[in-house]
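Multiple structures are listed underneath, in structure tokens.
The following pair of complexes shares a single chain, subunit A, combined with subunit B in the former and subunit C in the latter.
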Partner chain A sequence: MKLLTLNFLTCARKACKSTTLAFPLRPKDAELEIVEADLEPLFIRNILPRVEWEALRTLCQDLGLPQLPPAAPEPAALFAPNPSDPSIPSDKLVRPGKEGEGEGEGEGEGEEGAPTQTLKDLHHVLLETTIREGKLVCGNCGHAYAVKEGIANFLLPSHLV
Partner chain B sequence: MPQYLVRLAQTHESFRKAELEALAELAGIDIRFDFYDEDSPFCILALPSPTAAAILIHRSILSLSIHELWAQGTDYATLHASNHAASSIFWPHYATSSFRFTLDSYRGSRSTATQRTIIDSFSYMPLNGRIKMSNPDLSLTIFEDFATGSHEPRALYLGRLLSLSGRIAKTTYDLKKRAYISTTSMDAELALVTANVALAAPGKLFYDPFSGTGGFMVAGAHFGASVWGSDIDGRSIRGKGGKAKKDVVSNMVQYGLTSRYLDGFIADLTNSPIRGARGPGEDAARGGWLDGIMCDPPYGVREGLKVLGLKRDPGENRERLACVDRYMEEGYIPPKRPYSFEAMLEDILQFAAVMLVVGGRLSMWMPTANEEAENGEEQKELSIPMHPALGLVSVCVQPFNKWSRRLLTYRRLSPDEISPEALSAMVSHKKRAHGNGQNADDLNDFRRKYFQGFKEPET
Partner chain C sequence: MLPTPSTSHVSFDNVYEPAEDSFLLLDTLSSPAETAFLHSRFHPPEPPSPLVLEVGTGSGVVLAFVAANASTIFGRSDVVALGTDINGFACRASTTTLQTAVTDPGTSKPGHFLDVVNADLASPIRSGSVDVLIFNPPYVPTPDLPDLVAHENYNTLSPGAKSTSFEQDSHLLALSYAGGADGMEITNKLLAQLPDILHPERGVAFILLCAQNKPNEVKEHIMSWGKSWAVETVGSSGKKAGWEKLQILRIWRIGP
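Right after this comes the complex of A and B.
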């Protein structure tokens, strides 16, 4: 389970959803695994404003990862300036019958310039750092959700529904 | 705006227009339908430019190609007259280009000799370049549209090919060649159409709360979206097999889409662990953070249909039966409160209203008994679930013998489009409905009708 995913999850109990104590879920006995993934610069740019930065910092701290800066990087810090972008002939933009791999690839670069180290670091933390085994504990009710082989189980036992 | 001819696939007719409209919205292209007929594979669109036309169609699943419309007629005399009048301005530009002519006869057949004669009848056009069958500079197609059983075409078109569609993906993602599927997997073609209608695209975050074997996630990732899925059935997320494991991940590996697959987790939509837009809590008036939701919720209908209706090899059927039986076993899935069809729809819509970004789309499949749909438009409209924060974008129908399923697509409205009165009325209605202790099966109208309709005398 990627740290990005964890940043969007809280306790499944209705009573916990409105409290700040339940978010983020705190990893316990976590076994981490780095799973390499291709860089998706456009996705990182779009998702960054939706990430709860403080919660991400807390997670990194809990997991003993390098400390993140106090504030999320600005969008401008994600791409190197791209001063001379030779205009692409418009008919080259369309690739008929395009198959899955590479659909829309490079769109982030074309408009934004090359990804910076900041973007690559974010990619590594959010999308390549995963919890393989362990528990995710609610800070409000104390319920622990198991993570096995990278898959978290959020089904509640009947007495908690 | 100039006119373009779309050669559509003559299948899933009611999805075609919705797909084209969605692709226009996605690319920010002005689109006007000058001719569209469910019974025809030809559609005439007014679009800003040939480039816009090509961009519009290049990821369409239910189109084959798009062409600059050079001429149209009801017979060859009027087609040629139209060609002289409307397209002679294009001719000088292609005077020395390599070119080819092809004939596309829909519901008609022409002998090779007749094809030759038809193509030769265009020899008055001043095209002096060489004929080149593969990748010519100019590819002209003569389209013939025959009414069923007719010997003469009812409509004729001449068009310059601008772009082929993305329909090849239907073959690439064919379930027959996919390692991990189940009886409820959506076929590749409709999953891809769903992703188009839901506006899946690079940089976006998509989610399927009933992900099963991950068909919508594959389709969303194909179009560049990063995808997430969850399911109440842990087995579908965990997959099967030991060493040569088959699961959603292995499907993503098969298609080279792993970096767009974020995660799968086990969860129930009614007690979802997904947080609201800004930390904990939910607020339907604020925009959320998902760009799109695609789902085919488990209404408990398709499973029944498959078991009762499908005749394949007995071994496979037994396995499917066993699988369904296990669903029924008490305690296999943690006990749930009685959960009706309508309550599930309500939950999905509420979830979408809270979690989608403004403009984000929910594309949801929903079965309907045909009898219900025959009672007229009004009732049909009534049976489409609505939410004050969601605007209905399109309704597409896939008919079967005794039932249909519909793809309902909604757009998350912006706060100033949402009526606060409607929002608060909905909340109080919901409290009432859930407070009076109605039995879930009473509410579950479709299921009741569906299973009654299916009970035929055994032979």
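Right after this comes the complex of A and C.
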């Protein structure tokens, strides 16, 4: 289970969902596995505005991962200035669009320079760092959801539904 | 036509096998009308990466199709795909289906697969986080719903067992089709979760219904949610004497 997935999850109990304590779920006794994934810089840039930064920092702390900076990096910190020709404004660059997909190039292909270490670190934390085994604990009710073979189980015993 | 993801690794003894309803979802989501709708709603660079949630992934064929063909369906490949299923065997099967589909070297600019989690409908999903929700529900009218108290025992292999038992398989498959009264008991639960989990501006859901579900009543119910919601039938199959056997509703939030 990827750490990015935890950005979209909370406790499954209705009474907890509205409380701030139920997010993020806190990993416990977690066994991590690094699963390599292709680096897609533009994806990292576009997902970043959706990442709850404080929650991600908490997760990294819980898991004993290197500490993240107090604030989310600005988009400008994700790409090195393009050394090939910095004088060309980004909107003048030809974007490699695909035939028959008029809108498909809008992710900003070709605008950015090389990905920075900041971007690579984010990629590693969000997509390559996975919880293989362990528990996810709700900060409100204390219920622990098991993660087995990378799959989290959010089914509640009937008395808790 | 876009390729259908491979599900050849899936054991259909206890996981729902892709059928007419699954394929109607594939056809509808990749139809010119729906891709045009999704392209304009999620036109990059704003908004940020859309989250697609499929509730009840089963084999994973629908979510894998959407993830693998994200560039065609959404006009952008920075889409994230998340799934839930109440059946743990389905979670593992669809995880493999998704991973295979998005890493297939023949796939051009696929979206991103997150995980499939074992959950009842969308219960652990954060409020307001879902941009696109897809649901092929258990829609068959049945006298009873599967017994959820017994589910925990059926949801994993018994200690020492090499394969699932007949009772176990029956229970797990029933979860994929048994819909209780009017085949709507589970769909109604999910509909009740929609206003909470769908993104307050961009949220849209695609939900499949059959004729016995009384689709017109379902649409009226959704219209009663108020002026910020819209609903339309955007796909159908099995036309017989003016009645569609299956249809897909698009339920979406409209701006103020």
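Assume the second predicted complex is superposed on the first by the 134 of 161 C-alpha atoms of A that agree within 3 Å, B and C clash if a C-alpha of one lies under 4 Å from a C-alpha of the other, contacts with A are read in each partner's own complex, and residues count from 1 in each chain.
Heads up, the rule we're going with is that contacts are C-beta pairs under 8 Å (C-beta built on N, C-alpha and C of every residue); 3 or more make two chains touch, one makes a residue touch a chain.
Predicted model, so just to flag it, every value in this text is computed and none were measured.
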Discussion item. Between subunit C and subunit B, which one touches more residues of subunit A when both complexes sit on the common chain A?
Written reply: B
Item to complete: Considering only touches as defined above, state whether A:4 meets subunit B (first), subunit C (second), both or neither.
Response: both
Worksheet item: If you stack the two complexes on chain A, which partner ends up touching A:157: first (subunit B), second (subunit C), both, or neither?
Response: both
Discussion item. Just checking: does A:149 make contact with subunit B only, subunit C only, both, or neither of them? Give me first, second, both or neither.
Written reply: both
Discussion item. Just to be sure I read the superposition right, which of the two partners does A:23 touch: subunit B = first, subunit C = second, or both, or neither?
Written reply: both
Item to complete: Please identify the positions on subunit A that touch both subunit B and subunit C, taking each partner from its own complex.
Response: 1-2, 4-5, 8-12, 14, 17-18, 23, 40, 42-43, 46-47, 50, 98, 101, 103-104, 107-108, 127, 145, 149-158, 161
Discussion item. For the complex, give me every residue of subunit B touching subunit A.
Written reply: 51, 54-55, 58-59, 163-169, 172-173, 201-205, 221-224, 226, 228, 230, 232, 234, 237-238, 255-260, 262-268, 271-282, 289, 291, 333-337
Worksheet item: What residues on subunit C touch subunit A, complex-wise?
Response: 39, 43-45, 48-49, 51, 71-72, 75-78, 80, 82, 84, 86, 88, 91-92, 95, 108-109, 112, 114-120, 123-127, 129, 148-149, 151-152, 155, 196
Worksheet item: Across the complex, what residues on subunit A touch subunit C?
Response: 1-2, 4-5, 7-12, 14, 17-18, 23, 40, 42-43, 46-50, 98, 101, 103-104, 106-108, 127, 145, 149-158, 161
Fill in: subunit A - residues contacting subunit B, complex
1-2, 4-5, 8-14, 16-20, 22-23, 25, 37-40, 42-43, 45-47, 50, 52, 55, 90-91, 93-101, 103-105, 107-108, 127, 145, 149-158, 161
